[in-house]
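We call the chains A, B, C, D, E and F, going by the order they appear; numbering starts again at 1 in every chain.
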């Protein structure tokens, strides 16, 4: 494999999935690695996360720590959740349905955790 | 219908907008005559100002502060964000004429 | 409210529900009896020796609840399937102190004796 | 509690939830116990289940073994899944949206596993 | 588009009709020029004759027999039910020009 | 296909995925190398002493896969959090034989060396 597309489709913090997929993407940077935010995974794009009082790691800090991971958000998912009018993590690239789906198919492997 | 009119119905929602549990919660909420809604965990995403979720009018909404902060949700119109979310929830549950529904 | 029963079905860390149950139980213990029934994957919660690097040790937190008076029971079928044996008194050598393995019939008894029931699940 | 309403909203066999909720309902028969089949839980109503080759317990056998458990299926969920034209487990009672929701609210406690 | 036209795209679906994973699977399937769909676990519910799921035409569909039997699904129009579902899946994956997508 | 990697995130019994992974891995081992990476709740799969009354023992099944040549590795962060310690060689006293605990970097190495990857998750 030279490229991998990880997909997150559940909300961050409520489950360990977002943390898990970020860690998996972070260790995969010797390949071309994309993390796609899809459906409730799109909530990970919200700016201003501060998880100290939950005693959990700050997931947006992990995003900034690994600039090698391409972060792609599915625009229709953002729109459905009212996220387009919110401040988003700057590193997040928006992708329309077409681009998002073609990026999934273009990667050597596709992983939904 | 054997439900008493004066009973209090407490809804605890921990799922985001597009979850089928959220949908079920809202449909039950609409049938309630005296409801209070507690949002915790991913349930607080329902408060995003631009979210298209509409709570029935007259429903008191409480949201958990640490869950809002973690997720980056800044302004929450129409909801109360107390210092002691879980104490309030438990006190509400403690009254004899209350019923609790968790989603 | 004389008695609150909380039912869990998720293991620790994978979701927020064990943590949320702790917060609810801690508050409820100040004013009432609290039962916690661990079902399905939740039987992993009381395992001793958890060493999460960034989260609080959930097994220890449930032991703390038991020490504060909560009755915490794990379903014997689910526990046995997942490799947690119990002696005749329901004590499991792999579990934190104060948490016992018992029959699913104990869940029914807990429900019958409760004023309020909360089930937290994915 | 004198009455309990268990809700199953995920498909049987793919997860342990259906088996778990059936067992929980079975031990609760000293109370008025209802098992509501909702969303993908409606698939549990399909007749003719034979799980021998999966090495899993036959869930419809459990349904028949505990006639004390009232089995209520949410009709809109059945319709959405094309289940109204299928043979269903005879014990299953159909309930429209109104009846199903009122039954949930009428029970002393409500449990989604 | 850097996808080769002659590549084979294998879709393994284990979720029922109303799952968002099923929806994603179908949208990718529609973009595929040479697709085969394997249904296992709760994915076989997509074959209920009256289900409103429409697979793109030309897609070969394989379903797992023991999963169909367990769930009480009798007739499956338009799908193949082999004796050796997992052997076929693995053989399909084994070819160099195939790609696998799991939902 | 020289190498297939399977990633799991669910524990045993709670979902069909561990079982499905076994079926795929058993077939794949006839023609290729198989790696299995146990992530998140899947680190519960290799626990010794599982005694399911109506299902097959999943821990034993994964040991069998390892004996047939599959490389089965569990994520050290997830395992440690859930109470499965490892020695320097990655051996966990609570685990079935042949299954080791290793760094998440091993997942990346597995992926790089694989022709096909399957992730089974809820």
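Rule of thumb we're sticking to: a residue touches a chain if its C-beta (ideal position, glycine included) is under 8 Å from a C-beta of that chain, and two chains touch if they have at least 3 such contacts.
Fair warning: this is a prediction, and the values are worked out from it, not measured in the lab.
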Determine the set of chains touching subunit C that also touch subunit F. A, D
Relative to subunit F, which chain's C-alpha centre is the most remote? B
What is the chain whose Cα centre is as far as it gets from that of subunit A? D
If you tally C-beta contacts across E-F and across A-B, the winner is A-B
Round to the nearest whole Å and give the separation of the Cα centres of subunit A and subunit C. 33
How many angstrom between the C-alpha centroids of subunit E and subunit A? 26
At what distance in angstrom does the C-alpha mean of subunit E lie from that of subunit C? 39
Residues of subunit D touching 2+ other chains? 13-14, 16, 39, 56, 109-110, 112
Two-or-more-chain contact residues of subunit E, please, as numbers and ranges. 14, 18, 20, 41-42, 100, 102
Residues of subunit C engaged with two or more neighbouring chains: 13-14, 16, 40, 55, 77-78, 115-117, 119
Complete list of chain pairs which touch one another: A-B, A-C, A-E, A-F, B-C, B-D, C-D, C-F, D-E, D-F, E-F
Counting only contacts in the complex, subunit E reaches subunit A at residues 1-3, 9, 20-21, 24, 27-28, 31-32, 99-103
Interfacial residue positions of subunit A with respect to subunit C in the complex: 13-16, 55-57
Along subunit D, where are the residues that touch subunit E in the complex? 11-14, 39-40, 43, 46-54, 56, 60, 80-87
Residues of subunit D touching subunit B in the complex: 9, 38-39, 97, 101-102, 104-106, 108-110, 112
Residues of subunit F that touch subunit E when the two form their complex: 1, 4, 16-17, 20, 23-24, 26-28, 30-32, 115-120
